[in-house]
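In this document, chain identifiers A, B and C correspond to the written order of the chains, with residue numbering beginning at 1 in each.
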Amino acid sequence: MRASNGISLRTGAAFLRNEFYNMSIYRVSFWLNFIYTFLMMYSVGYVWRALYAANPSVAGVPLPQMISYAVLGVALEAILHPRNGPQRYIMEQVRKGTIEMDIMKPIDFQFYMLAKNMGGISVRFLFLVLPSLIAAFFLFSLELPSLPAFLGFLCSLVFSVIVSFFLNFILGLLSMVTMNIRNINWGYNALLRFFSGQMVPLWIFPSALGVISDILPFRCIYSIPMSIYIGNYAGLDMLGALGIQFAWILVLWLASRLLMKRVFTRVMIQGG
Amino acid sequence: MLSGILQPTSGSVTVNGIRPFDQRMENARQIGVVFGQKTQLWWDVPLIESYRLLKEIYRIDSDTYQKNLDRYVPMLGLEEVINKPVRQMSLGQRVKSDICAALLHDPKILFLDEPTIGVDVVSKKYLHDFISEVNREKGTTVLLTTHDMGDIEKLCSRVVVIDSGHLMYDGDLESMVQKFGSVRSLMIEFEEPVGDFHVENAQLTKSEGSRKWFSFQRDEATPMELLRSIGDKFPIKDIEIIEPDIEGIVRNLYESK
Amino acid sequence: MRNIRLYGQFIRVAVLGKVQYKADFLVGIVSVLILNAVNLSLIGILVYNFNTLGNWNIWDLLFLYSFWMLSRGIYGVFFWHLSDLEEMIVSGTFDAYLVRPASPFLQFIGKDISYTGVGDFLVGVLGFILAAAQIGLHWHIGQWVYFAICVLSGALIQVAINWIGASLCFWTTRSNAAMYITERFTVLMQQYPVNIFGRYFQIFVTCFLPVAFINYYPSVVLLGKAAEVQLWQYGAPVVAFLLLAIAAFIWSKGVKRYAGTGN
């Protein structure tokens, strides 16, 4: 069944396959990614050991869990970092002046970007994240979660990928109407790194910053799935956390559709 | 290799007595290069700033610099863009700016690499006249690489055709056209559509509505003769003489070897 | 020397070009400030919770970070565009340098200037003042001189590393991806005292990719962080000099190769 705006499972699958093929070509960058991930997983372990040596009980979780959290944060970067998001493609098209061609395709632009992005993410997950997790288990002290935590983690990871997509997509839309996008990117990446809990867990933030991080959507991307994995959210808490992610998905989806409409109108009138 | 960018793998190259690769700096001072597709100028600053910088790089003395500026800028019609950044110029203006830049230091040899690609017809003619003028006045040798027959016709006294390192032809343009561009074409548009017919010394190659195309050998017939013999039979409304293009000539050249 | 004068002219034109984009300048500085604020805050939160990292307290860490920022700022302003070499080789625009009677390297480094380095340097200055005050630094003139030399050496080490990385393009055509990875790795290393990492890491960032000499060893020396400071730990200027020599050598070999392969 194909909708008039091109949204269908078949179309989606076609894009997925396309991205799959595209990504497999860049072998060199894959190996570089591996090396980087391994080095980082190795390093963060040391940072946390050094910190815990002085003060073992400050962070609220035992050291093995903390190291698992940190290593997980590094491994997941391959699919959650903004640099792999749809806005990279969009910005390139804007720079080349060919964004109108994408907008005018007979397919819903957001779905088109989603399909492309998911294709890339699937490839990265299979070829980068999974091997990194396996290596992390054997070499970098990644602990195995309990079964409910693991299932919750998987569900949460899917949610976080979707939240990440919407945020990146909105950034891409903004790049169509502003010239300063490179620097905005930097600023955004920095804020994301801070409030997503990837490097430093959100629960040790001093209270003011902790409150801010609670109301921002960035925690949905790293903090929630990783916290579920190490068992910080169990039972009802886990459902609550998943609920927060789901709520953000709805909000961001709505925001992105509205924004898309306004941006397109403006682009069509002004010619980009 | 002539500009000193590449090193020959065998044999030797000299430009005005200088070996370009070994004596790169010296060679650079006596040549000017224009890459048709990419500008050598600084993108974001007014054109005059690029020229000032080149004056420093080539160590042009102030008199020569000013003289050349005063001469070439009006000649190329660059007065209106002299204070504009290159990124705001059209392609034609950019190419002209690049050519002016390449001549500021009075090079003995000017390399032009596909200078007229994408340039509008008016600017093209401008460039042809300008290059001829410079060549005549200053005795600057101009080395042109191009696919454009118009460039070659208007500018070149000597044509060298090279294929994969082999010299295919070295001589003047007229002889080349005579020898390898022997087949010309005549398009005739008649008052009314006419049926196909035979003409002496020519061959009917295409028929479309009231137009017909005839090809003939350069040494076997002239357009006038053909027109006379055809016009006697059928009233002619319009004609076009189509010369062989450079690709065709070069193809003939290859096939003849 | 003529080359210095020529370089001055290049920079003048580069600044002229950049000044046109006033909005970019402001946003650029702000985003750099945000980036560094985030980095420092993350470290700050960690130390807020854990008090010390090894025998380094929050102000020691701020000193370490600021030291890095000072040298990184200097490097960034003048050499940020080293990674542009890849694009110039791929598109052939590098040829323009070889056709002019001036050093291709001079023309290349003179082609641009970056204001993000200004932001980094600013963070470095502010951070240094704050840290120095809190630690209560009282240096004699010799230490100040050594400090200045090490900041400069740190900048030159970063220049050399990125110069070598860029020059690899002459052989492999594309090296920016590898340089990006290297950059992200070293960025982590610069923020923490190297001695908390394992032995192999320490050897790696001391002997092979000597980023530890950019800010860590000079900080150890100037803050007295080791019980006994070894002689080689003073060696940042020597490392900078050696690395630059290697980089210059690789570059000249690279340019020769570029000309020989009929790109």
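Here, a contact is a pair of C-beta atoms (placed from the backbone, for glycine too) under 8 Å apart; a residue touches a chain by one contact, two chains touch by 3 or more.
What you see is a predicted model; the values in this text were computed from it and never measured.
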Of the chains shown, whose Cα centre falls closest to the middle of all protein Cα atoms? C
Looking at C-alpha means, what's the farthest chain from subunit B? A
Distance between the centres, which are taken as Cα means, of subunit C and subunit A, whole angstrom: 29
Distance from the mean Cα position of subunit B to that of subunit A, given in whole angstrom: 54
What whole-Å value do you get for the distance between subunit B and subunit C if each is reduced to the mean of its CA atoms? 48
Going by residue number, subunit B touches two or more other chains at none
For subunit A, give me the residues that contact two or more of the other chains. none
Which of the residues in subunit B end up touching subunit C in this complex? 3-7, 9, 21, 24-26, 28-29, 31, 33, 35, 38, 40, 42-45, 49-50, 52-53, 56-59, 85
Name, in rising order, each residue of subunit C that touches subunit A in their complex. 23-24, 27-28, 30-32, 34-35, 37-38, 41-42, 45-46, 48-54, 174, 177-178, 181, 184-185, 188-189, 192, 196-198, 201
The subunit A residues in contact with subunit C across the complex are 28-29, 32-33, 35-36, 39-40, 42-43, 46-47, 49-52, 54-55, 58-59, 179-180, 183-184, 186-187, 189-191, 193-194, 199-200, 204-206, 209
Note which residues of subunit C are touching subunit B in the complex, please. 5-6, 9-10, 13, 16-18, 20, 91-93, 95-96, 98-102, 107, 259-260, 262
